[in-house]
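One chain, subunit A, appears in both complexes that follow, with subunit B as partner in the first and subunit C in the second.
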Partner chain A sequence: MTTLRWLVFGIAAFAMNFPILVTLSTSFKSARELSTNPGLWVQAPTLDNYLAVFQVTDRLNIFLYLFNSLSVALIGTVLAVALALPAAYAIARGRLGERTLLPFIVNLRAVPLIIFAIPLYMMFQWLALLDTRLGLGLILSIVNLPLALVILVNAIRDLPGELDEAALMDGASRTQILFRVIAPVCRPAIVTSLIFGFITAWNEFLFGLMLTTSKAVPITVGASFFFAASGGGVQWGVASAVMVVGALPPVLLGLIMYRQISGSMTAGAVKG
Partner chain B sequence: MMTGGGLSAAGHVDIRHGHATWAPGAANPAGLAMFKTCQMQIGSMTKAQQRPLVQEFRLLATPVVVFLLVFLGFPAIVNLIYSVSEVSFETLRQPELSGFKNFAAVWSDGAFWQASWFSFRFGLLTAVLECALGLFLAIFLSPLIERRSWLMAILMLPLMVAPALVGLMYRLVLHEFVGPVPYYLWTYFGASLSFLGPGSAFWTLVVVETLQWTPFALLLFYMAYQAIPSEIAEASAMDGARSHHRLWYIELPLMLPTIVVALLIRFIDGFRVFDNVYVLTGSGPGGSTASLSIYIYEAFFKQGAIGKAVAASVILFVVSFAVLYGLNFIASRRKGANR
Partner chain C sequence: MAPISLKKAGKQYGNLEIIRELDLDIADGEFVVIVGPSGCGKSTLLRMIAGLEETTSGQILIDGRDVTAASPVERKLAMVFQSYALYPHMTVRRNMGFGLTLAKLPAERIREKVEAAAETLKLTHLLERYPKELSGGQRQRVAIGRAIVREPVGFLFDEPLSNLDAALRVDMRLEIARLHRTLGATMIYVTHDQVEAMTLADRIVVMKEGRIMQQGTPQALYETPANLFVAQFIGSPKMNLLPCLPGAGGLDLSGEGSIQLPLSGRAAPAHLGARPEHLSLVSPDSGHCRGTIEVSEYLGGTTSVFVRAGKLGLINVSAPADTPYRLGETVGIHIDVARSSLFDDAGKAIAASR
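On to the complex of A and B.
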């Protein structure tokens, strides 16, 4: 039985990670090997593709794409948490907007984002925010808002009310309580929403595609530029290397996040 | 989208697990159900004492409300105005009211209905496949994962990669000359299939989506499964229940709320799919793989049909919010009934 379980695990892990494995293997193939060996195994591994990726040309600049992704993900994440934390406190403790604001923002997570993309495009044109990192970051913070809010509301609700009351007795205002008492205690939840937000924002594609053209292109969109055949067709090795580089930051962060999840798994098991 | 959706996935999991995951009516990941209520912190104070407090809370919630009004409220109004106007890229600032022409154009557009049908079918199929596979894997592999939690990290890896990049990766995987799948199929089975042709593109996309997002269902179900108290298993074993009976009559019913929630989330994300489909097939062949999101995108950016695109997005807006609030309503009613 255990053997069967391992077999199933192996097949599932292989199938689900198959595109990643293929891309990784292709990124180490030379141009010559690519034309003769489409298989998974690399016969003569080479780093040429990675060297080629980091060669900046007029048309393709991976450093710019990576920098753009980093900046928009940071703006989108930090802003989302900065907006969500006070609101979460007002919702959890003041019971403000529990039946209006909270469901509305939470529903945003489930709505097709394209609904807002077109008017935002036109609005950004008026505000000269098209193709800017700030503009894309602002929108990504909307994408991140629902999740950050839910995480923080739940975290604050789990805190004992005595915490607030004691500070109130000492004459602290709610705002002071939020930043001096609640925020420090909620640090794990804040970090979690930052990490999830960063990964979501880094991986976002639709708004990057619509709202940027050259200066603020994020890596998810930039990677597709490498697939636009120029002259000699798609350079598959180089394109693969781009995808590996573009996928690496969220994957690494995800492994950190994974630990947090297993931590909350055990916590949940205790509670359950 | 999926994105957005991406990793938000695991976030839900985290939240979810803060509470008794398996209990009916527990906080659910998409927040589609109501949250548990908390005790009134200020219940003991008098009205006069409360007022400044409420004001301060209002102040704290103001930034997010203003932000949403500016970046969603204003665009929503623009959307509404443009949907009943004659407008082009040249006349963006002077839209001319034209009644419901745009809606009529969308309504009579075969491509709109084709895209709606694609989105619905795609969402439903992928949701069911992902949840069925995820449920099987979660229960069957749990003895392995319990002892080695890093196995879960391997299974979760696809969730961390941008759906757009996964779509691009499949361009490589399925490529007729450099892709390993056609190569192995040809070498070992002598078969040469067209994966992105008219008949097969839809199914290829279903497989691509399912393989990337099954881990999400797997993770949710694994944690719901783990949260079932061990006393229940012990008690039923004492009563002489066989393991498949226990699964069918005790464990699966306990996991049912999680299953419903997972189906719902995955349907929603499948319905609004954009990234991987867009980079893998565009909308082709012949518009057969255009989801609603892609339909709206192409109407706006490729055809310049602003009125049509905006009208379609208003329809989608109204329908989505109606459905979501309907679900919220049902969830809160059910929660009330359970009490």
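On to the complex of A and C.
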């Protein structure tokens, strides 16, 4: 029975991760092997594709793209959580805007982002934010805000109100309660919002494509520059290598922080 | 330490009146227990005194100072919550010292005060632990410790023992009583448990629907309840209520018996209240009324005997543990008339002239 279970699990896992496995294996194949060996097994593994990716030229600079992605993801995440935490506290405790503001903000998630594209482009042009890391980071913080708000509102709602009242009796102001009692207790939820936000921001493509041209290009957009690096057809090996490099940071982050995430997703489900 | 007074204090949520023009004077160092069924407004009243709930009319005075609009910290009161409300991310030491840290006391002073309070409450060995590593009783002691270190002018307790198991509740009750003796502080304690009220209070305040039904020493409330509500709420097991009418030479127990009792002219008794411990079982042909034993509960020290007595209903009699009367037997019930109470139709006590 156990064997059968593992067999089914193995097949399902293989099928679901097939595209990733193909990309990984392709990134280690030479151009010659690619044309003769379509299989997953690499006959003569080579790092040439990766060396090509890390080669800085006047047209391509992977380090800049990675740095841009890191910057915009950090701005877009930290700012979103910094805005969401006080808002979540006001919504959860003061019941401010619980009926209108919260559904309205959360509903932003449901709107296709492309709707914002044209007005944003014009606003950014006017504000000289086009092709800047700050500009892209600001937009990503708005993309991240709804989820961060929902996670934090729920986390704060799960805390007993007597905690705030005990702090009030101890002489804490509302701000002190938020930062010295609520925030530390909500740490798992805050970390979860940061991780989800970082992954979303890192993987974002649409605004990166529209609002940046050279200086602030993130890795998702920069990666596509490598596909036809030296003219001619698509260089599959190099393309695969750059995708692996670009995908690695959020995947590693997700794996490292998995315990934190799963901890906060179940926290409050049962009164401890 | 300070006296606390409420002058026509009221609380209204929209059109809903939770507390109605309530007057209450608590003396310096007094232990007052506010008791009542759930929803009677007792917790709201405590939170109004704490400053956690707005007082919509009237005044609250602490030490003669009007604090009706003051913030909780300005009132210098400490509160112990039902759920303990310890800060889960802080050690016991930091939990107890948090208020002092906020007040920007020097670290050395905080350490001294916290350690002194921990000493009184036998928490010294737990100072570096987190709340989740403590038992319920220990958490409650930390919550009390957090209240003590701030040296408040008064303590407020909001059902502090109801999350503890029965045995621990008795221990903590004794500990709170001891604490009141040592500190001599004004304490206001809210509970729905009348045993806690009876054992702890200098004075009990019984509340119902936002009003004070009666206040007085535990003994006064037990012996001379002002109305049916207090009579039934105070005392365990509950007082028996026997429907009655004025009759020839005294009371007519709904045709099931009679009591010779001089009644003053205008009194119109409708209920005779008699506590189980003031009733005794006698042979069927003596006693004030009679009935059949329906249930008998052996409690070790005594036996609770429930007697079905016609129109008088089921009467609970506290009999000696080795009572000779058996289930199904017809018995007489003797009422200790001097220790029973009379109530009129509206439930108000009739001052006895017996």
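Everything that follows uses one rule, which is that the second predicted complex is superposed on the first by the 247 of 272 C-alpha atoms of A that agree within 3 Å, B and C clash if a C-alpha of one lies under 4 Å from a C-alpha of the other, contacts with A are read in each partner's own complex, and residues count from 1 in each chain.
Simple rule for what comes next: contacts are C-beta pairs under 8 Å (C-beta built on N, C-alpha and C of every residue); 3 or more make two chains touch, one makes a residue touch a chain.
Note that the coordinates shown come from a computational prediction; the quantities given were computed from them, not determined experimentally.
Visitor: Quick check on the superposed pair: does A:Ile256 touch subunit B, subunit C, both, or neither? Answer first, second, both or neither.
Guide: So A:Ile256 meets neither subunit B nor subunit C here.
Visitor: Based on the superposed arrangement, let me know which partner A:Leu127 touches: subunit B (first), subunit C (second), both, or neither?
Guide: neither
Visitor: Classify the contacts of A:Leu51 with the two partner chains as first (subunit B alone), second (subunit C alone), both, or neither.
Guide: In the superposition, A:Leu51 contacts neither subunit B nor subunit C.
Visitor: In the superposed arrangement, which partner chain does A:Gln176 touch: subunit B (first), subunit C (second), both, or neither?
Guide: Only subunit C is touched by A:Gln176; subunit B is not.
Visitor: So, A:Val185: does it touch subunit B (first), subunit C (second), both, or neither?
Guide: Second partner only, subunit C.
Visitor: In the overlay, answer first, second, both or neither for which of subunit B and subunit C A:Ile115 touches.
Guide: It touches subunit B, and subunit C stays clear.
Visitor: Just to be sure I read the superposition right, which of the two partners does A:Glu165 touch: subunit B = first, subunit C = second, or both, or neither?
Guide: Both: A:Glu165 reaches subunit B and subunit C.
Visitor: Who wins on subunit A residues touched, subunit B or subunit C?
Guide: So, of the two partners, B touches more residues of subunit A.
Visitor: Can you list the residues of subunit A that touch subunit B in one structure and subunit C in the other?
Guide: 165, 272
Visitor: With touch defined as at the start, can you tell me which subunit B residues reach subunit A in the complex?
Guide: Against subunit A, subunit B makes touches at 1, 3-8, 10-15, 17-22, 27, 30-32, 35-36, 38-42, 53-54, 56-61, 63-65, 67-68, 71-72, 74-76, 78-79, 82, 92, 137, 140-141, 143-144, 149, 151-166, 168-173, 175, 177-180, 182-184, 211-212, 214-215, 219, 223, 226-229, 265, 268, 271-272, 274-275, 278-279, 292-293, 296-297, 300-301, 306, 309-310, 313, 316-317, 320-321, 324-325, 328.
Visitor: Considering the complex alone, what residue numbers of subunit C touch subunit A?
Guide: 50-52, 71-73, 77-79, 81-83, 85-89, 98-99, 102-103, 132, 146, 150
Visitor: Provide the residue numbers of subunit A that touch subunit B in the complex, in ascending order.
Guide: 2, 5-6, 8-9, 12-13, 15-20, 22-23, 26, 34-35, 38-40, 82-84, 86-87, 89-98, 101-103, 105-123, 125, 138-139, 141-143, 145-147, 149-151, 153-155, 157-158, 161, 164-165, 173-175, 178, 192-193, 196, 199-200, 202-206, 209-210, 220-221, 223-224, 227, 236, 239-240, 243, 246-247, 250-251, 253-255, 257-258, 260-262, 264-265, 267-269, 271-272
Visitor: Once bound in the complex, which stretches of subunit A touch subunit C?
Guide: My answer: residues 160, 162-163, 165-172, 176, 181, 184-185, 187, 272.
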